[in-house]
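Supplied in structure tokens, the structure appears directly below.
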């Protein structure tokens, strides 16, 4: 029994992953159905977009393949997010059920435990399949040259987008330290922002654009990376196209500070709100 | 030196005041109200290595809050706690290595996986050396009968099996202190007995210090050498179980059944509590008057067909303490 | 007896307003989503060049109404499932109350909350922000109300089928989610039927989903000829009855299952 080293934390992380994999294989039928359900739910947005463009052909110069390419970023990065950070997604539950108390009695960092303890393979597949289907159907027909620079950019943008989404979820999770029910707040910060980001930023009034750039920076998850490849709208600052990883890192850092404040508040006021 | 030292511990909560009824609910929605509640109000005590201590008190008395502060889950509002020289909150991770926690209502086992999988994970979480892990696993398996269900998914286990596995899980890393929050709640008599035996054994063999919070007085009588009673956030008793019995358990109740209808008789030092048909309930203090003397006096006037003398149960005494029927004086609560 | 059900409804109403931030966020959500969807449709219509035309105002009103109805149509999808899983359903069935009426009154309590405290604020804001068109005529408005109530009942009875299936499946997340996806896509909640491909419209009219959003909104907008309104309402009523009948059969099966297996 002793202190953890980097190596032992790494080994432990794989132990946790292994447990999660066993768990995923435990109810195969049910989990496949859930993955299918997630696939159906996420496809609605795609189908709606498709139906609209079937009729209108293009919107402000955007064609169907370009719109769906823009959309594909959301699913691929979300899929990575639930693979790596499902614990952050489920954090509010952890607080309400008292599981968070258990984490506090363990000789490990809290964020480490939250991240390693939970991997949602089901959702990873459900969202991932939508993302891959969209990507395969669009990435080679919108005029992108997949050389190594562009490929590297793409990977970095995906990682940045994943971290931005993790930060936003962590932000909504922070509210569970102070409020009992946070479902609508989370919808406001995350799911609705994500739905808005499904369409090009240039469609929206300036107020919404500013919101999605500076407050809930979802535009860096898909719009600016897509813009890098497609160059559709000229109205935004060129620099935004390269900022996704920076925004991800900065946002995570800020939200992490807030989260730490929340943990302190939790441990000093207790879960008396419940 | 004491293993756990708690001085003037205070914990305050901010509570959301909810008003009753539909209009009250709407009003609370618009204008929330808060009030401060002192859950723990300057409690002090020390616990030595190897002690087995039971915390008891009614719901909301502050015992769970106290345990949460001892385990590093909550930070104290004021006052100090040291556990083996560490502050459980400030040095949470270090402290966590040395303690084990069992929440009676909340398992730490992975619900859909076999028990052994969680054990294996804990081995890595606490970095338990292979030798110690093997040894402990073998010992706990034998004593708690884990081998019967160690490969079964937790969701299929009975309550008793789950609790046994949970206790083993909390002890795998040889903690110096084990905290139990309601360890036997909802268990049947046999399961309770098995767990108490095991706890006593571990305490004796490994010298593990044990702290309980419980409603079950039997738990305390069977496993603890000391108990701390907490009520309304303050400590109202701290001492041995025997002490409280000796001090407050001297009242006896004699139930006498007469051969004929009897009139009440006045005997000094004896109080008539109830009379019904041919029976009488009499209370007396065993140091003031002997039972045989009372019987003697009674048989002088009436014939007696049967009688029993009842000792008070510890549970009854505690109840009396909560209700304020017994006032603890300084000499008793000053045991600490 | 009616009193008991009223109490359930009241209780469910109260449960909904316990959480302050949750409530406020809910209202903001409704407004933001209306706002954003109108912005998207504006972008679409810009190409057509008829932003100022009646066409767009009708569309905007359609979107607003759809989202207002969406805020009303939210139900607790796991109310029965949770009771089935933790076994409380057997004790509920022993009580001298009709279980189905109990569930319904609970749902209506939530509806009352959503109507008074979520939809009304959103409606008032919408009138100012989005220039919501007034109903085509007073008569149409009355028809709309009847139709919206029928739409609610269609959705309720459809949902009930899924809820009762929890007696067999225990977990209904996937069923609920797929059902939701079908409702959102096929009911006209997200795209008005007139934008759907020609070939699909007739099929969509045959399914129960059209009754939930499309029928009431089109009546409000005066897009249904007066002689067809009655047909529309009757179609909705038929769906209520059909779904109720199926639900009744399922429910009987579920209760039998409960008796045989003792929960």
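When the chains are written out, they are named A, B and C in that same order, and each has its own residue count from 1.
Basically, contacts are C-beta pairs under 8 Å (C-beta built on N, C-alpha and C of every residue); 3 or more make two chains touch, one makes a residue touch a chain.
This structure is a prediction, so every number in the text was calculated from the model and none was measured.
Chain contact topology: the protein chains form a complete graph, every chain touching every other one. Summarising the inter-chain layout, the chain whose CA centre lies farthest from the centre of subunit B is C. If each chain is reduced to the average of its C-alpha atoms, the one that sits nearest the average of all protein C-alpha atoms is A. A straight line joining the Cα centres of subunit B and subunit C is 51 Å long. Rounded to a whole number, the gap between the C-alpha centres of subunit A and subunit B is 46 angstrom. Separating the CA-averaged centres of subunit A and subunit C is a span of 29 Å.
The set of subunit C residues touching two or more other chains comprises 18, 20, 23. If you check the complex, the residues on subunit A that touch subunit B are 1-4, 8, 11-12, 15-16, 19, 22-23, 26-27, 98-99, 101-102, 104-109, 264, 267-270, 272-273.
Taken together, the subunit C residues at the contact with subunit A in this complex read 18-23, 25-26, 28-29, 32-33, 35-36, 39-40, 42-44, 46-48, 171, 173-175, 177-178, 180-181, 184-185, 190-191, 195-197. Listed in rising order, the residues of subunit C touching subunit B in the complex are 10, 13-14, 17-18, 20, 23. The touching residues of subunit B, counted against subunit A in their complex, run 11, 13-16, 37, 39, 65, 68, 71-75, 77, 89, 92-94, 96-97, 99, 101, 103, 106, 108, 110, 112-113, 117, 120-121, 124-129, 132, 153, 173-174.
The touching residues of subunit B, when paired with subunit C in their complex, are 18, 22, 25-26, 28-29, 32.
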